[in-house]
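In what comes next, chain A is part of two complexes: it sits with chain B in the first one and with chain C in the second one.
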Partner chain A sequence: MAEGVTTIRAEIGAAVWKITAPAGTEVAEEEPVLILESMKMEIPVLAPHAGRVLELLVEEGQQVEEGQPLATLRR
Partner chain B sequence: MNWQPELDELRLREAHAHEMGGPDKVARQHAGGRLTVRERIEKLADPSSFHETGAIAGRAEYDEAGDLKRLTPSNCVMGRARVDGRPVVIVGDDFTVRGGSADATIREKPVMAERLAQEFRLPILRVIEGSGGGGSVKTIETTGRANLPGGVGMSQLFHLTTENLSHVPVVGLGLGSVAGLGAARLAAAHFSVMTKESAMFVAGPPVVARLGQDLSKKELGGWEIQTKSGAVDNAVDTEEEAFAAARRFLSYLPSSVHALPPVTPSEDDPARRDEKLFSAIPRDRRRVYQMRPIVESVVDRGSFFEMGRMFGRPIITGLARLKGVPVALMASDPFFYGGSWTADACAKIIRFLDLAETFHLPVVYLCDCPGFMVGLEAEKAATIRLGVRAMAAMGQTTVPWCTIIIRNAFGVAGAAHAPAGRLSLRYAWLSARWGSLPLEGGIEAAYAADIAAAEDKEAKLAEIEDRLNRLRSPFRTAETFWVEEIIDPRDTRRLLCEFADLALPLLSPTPSRLRMRP
Partner chain C sequence: MLGPVLIANRGEVAARIARTCRRLGVECIAVFSEADAGALHVTTADRAEPIGPAHPRESYLSIPALMDAARRSGARMVHPGYGFLSERAEFAEACARQGLIFVGPSPEAIRAMGGKAEARALAEAAGLPCLPGDPGADQSAEALEAAAARIGFPVMIKAIGGGGGRGMRLVPSPEGFSAALAAARREAAIFGDDRVMLERAVPSARHIEVQILGDAQGHVLHLGERDCTLQRRHQKPVEECPAPGMSEALREELGRRACALARAVGYVGAGTVEFIAEAPLHPDRVWFMEMNTRLQVEHPVTEMVTGLDIVEWQLRIAAGEALPFRQEDIAWRGHAVEARLCAEDPARSFLPSPGRLARLRLPEEAEGLRLDAGIRQGDTLSPFYDSMLAKVIAHAPTREAALEKLAVALNGCVAEGVKLNAAFLAAALRSPEMREGRMDTCFLEAARKRLLDSLTKEPATP
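Right after this comes the complex of A and B.
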């Protein structure tokens, strides 16, 4: 992994509900990058630090497993 | 006439013991970024409070005249010390002597440390590195025979490793590589902490390589593995932070099950109202919120100490104070499966409630539980088995209990928001909703015939959902006294502090009938 690049992983098994910060978007720390759906709840995946979203590794509607990489973020 | 020669010899032997495994081994320990066992004890305990027992036990070499050449100490350093002024037992592995393994252990030393803790009713801190006095394969050669684990004369340490959980607070610190019996002694603690540079495993990389798994120590048993698995509670960056965590954990607990948790003065206003609580819960029921700021807001400022954050994450567990009274606090975290009780969350609840019951800690539960986790994976994980065990653990507590229903309380796991067989205090926030089953999915099951008969099935479903939603207001439940009180969330701290006042005189320093398992 290149320096200053963080992989954001799913902390739960869930469906990808909505991508809120497509590749190229600048996000602040704790700003949602995408929203998962689990147990009928919308669960935002928050940026661990401020940065630019490099790549989304999943699509809306896709089922993801716990630990699966969702996006990469450059500091 | 005096005994100067003997005193000199005693001091000489002690000096040898203080050299531990020798300067090169000590240098190697430091080069690895780790403190020696003696430095650890010095930093873990109150300054200069350590009184060692059995320092000069070890292996001595003598010259031809029978004079001492060198004493290599046993790799177990133990004794009494103080933590925040309170007496404790500390037992530590000296990794500079034969890597902490059994070859250099005098078995009776760690056994005496554990017995000292139990019989003098003192918390025990296990500073663990290496195999924790467990064996290595080499032991076969050094002793000329294979050791039956737990064989004749060898079962006491195994017994006390878990037995002490029912007597005194047990804290495990994993500092370095921890394996075998060391891993067992770390996991068999009320609270365990490791540094992020450490690793803990049943057996290390060379052994698992024989299974075809090519893993580094950290890949096999680093903090990310072990805190997620729940085998270790907390991970910290430095050894100093591990000592601070151990000391902080003990600050909430009595010295043994024969005493009550220490009440400390609190400067935080018990009637403090936090305006943010009024808007903390989104009106949109699909949206989640952060539970930890709510916890921080209702307990004494800065008093929340979380344990096991990375494991069983739909439930947050930790110790806190209300008007200075230590309490065991658990709260749902909707960011993880909406706060559903997964099998892991249930396992976490069982151990946490056993801790509360063992040490006479009143329980506070901030509940937002949409039920047990559902789905194939959840069934395979035996969620319901762990779930009923968690319910039983709750039912077996005898300590005072207070529940705040923050939002959801659905199904059997929702029912498990307070001990079912006795009275506890319960309040529901304005945002509370409950039911046997969430409407979503529940409607399809209960109104299957109506929906099947309808021309526009989706419209029918929406119509039923709307109808039921209007009946679901908590006020309708309160009309019939099915819930006793609905509160303004801003009053939560005041009510919890009142609960602490009510709970305190009910606590009894009598050992619980529960026998805690790790």
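Right after this comes the complex of A and C.
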């Protein structure tokens, strides 16, 4: 992985409910990049630091496993 | 005649409804999605019908799929359980169109109580005290800010289309209002409706609800209250009956209010009227919140204390039977407490924990100890469905004994493969706040760290 690029991973098994910051979006630290849904709870996946969303590795509706990469973020 | 009953639900509640059907000798039919083909609730019914893919939208929330299953199975009645379609008027209507008996109130009663602002207006008209509030007819920031000033702080901003705590913001003072309004709107907009309403917030609140039964002949009575004060993520993991500190006079008064609202909407079936209260309990400090037009998750505590089977009376009322008992026949014996066992991790702010239950040990039923379970060892908990996998209910002559009985039962639970909240809830039941009846709606989240610490120090003793 290139320097300054962070991979954001799923904390738990879930479905991707909504993508709130598509590729190219500038996000602030702790701003949601996407929202997962698991066991009837919506779980926002927050940017660990400010930056630009490089790539979304999942689509809305897709099921993801715990630890699966969801998006990459450049500082 | 009762049945055959199609149970339009899954998991714990489906198995619980099947249990009453079996006791009454009424045939029941389970439904299952592709993810649930081997699920426990399927084995508890007499027969089962497949209804589609794992995603609830295509199975448990699909009215056409459920109507097809009802037709294929020859069911005459449909019990919706709770969650899923249980409070959807269109589902009740679809049942009626197909000549099926929907086990629940009329579509009109479901609709009347379904909207927060409309329900509040009906309750006020029926003479139920409500908190000062604003229905949000004018959604401009200026109008809402003026309304908040009129209502008085602290104020609660609530998404009109919300539920489960979505789009809710507590605003302690005027300075924080506009930022909180923007945040609540953003959150509510994700769910497709950014309109909000306002209500005075009650600091240190208790949640008290009253169970009612109404029959088609027009008799309405109440089965007393439940205390559902403990919350996490705006959802209740522990409930009890009776409410600590409840006097007979106040029970009668709240029962009177709940029955008045039920009569006002021509309610037929089992329903629950929720109130918010400020401790110490007093008639002037209890306000109407909302009405749930279905069976409630926590109904077993009322069943254990009154000796009535609420699901049985739902079925009998739906079939047109009149209630054979009156208000003065209802008696409350002892104290019951329920804990909801959920696949979640209290150490990670109650984050859900789906996965395969490689090992599972739940309490065995005994005198005064009831288990309503929807899973067994080896099952997989799908991210598509609710995290609640079972409920444990303890009944004893005193509140103190019931709390301890439940704590002991919870500490005997073992799960491997998913995180379980059992030991955490046991610690909450043994906290001084719970024992002394001093808990409020903020207690569980505020005391989370302390309760977790007590677990790591003394894993299985008080």
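Here, the second predicted complex is superposed on the first by the 75 of 75 C-alpha atoms of A that agree within 3 Å, B and C clash if a C-alpha of one lies under 4 Å from a C-alpha of the other, contacts with A are read in each partner's own complex, and residues count from 1 in each chain.
In this text, a contact is a pair of C-beta atoms (placed from the backbone, for glycine too) under 8 Å apart; a residue touches a chain by one contact, two chains touch by 3 or more.
All figures in this text were calculated on a predicted structure; none of them were measured in a lab.
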Chain B or chain C, by number of chain A residues touched: C
Chain B versus chain C as contact partner of A:Lys40, first or second or both or neither: both
Contacts of A:Ala15 with chain B and chain C, given as first, second, both or neither: second
First (chain B), second (chain C), both or neither touched by A:Gln63: second
Doubly contacted chain A residues - partners chain C and chain B: 11-13, 38-43
Chain C residues touching chain A - in the complex, by the definition given at the top: 164, 166, 190, 233, 343-344, 348, 351-355, 381, 383-387
Contact set on chain A toward chain C in their complex: 11-15, 18, 35, 37-43, 63
Contacting residues of chain B [partner chain A, same complex]: 286-288, 313, 334-338, 340, 370, 373-374, 377, 438, 440
Touching residues on chain A, where the partner in the complex is chain B: 11-13, 38-44
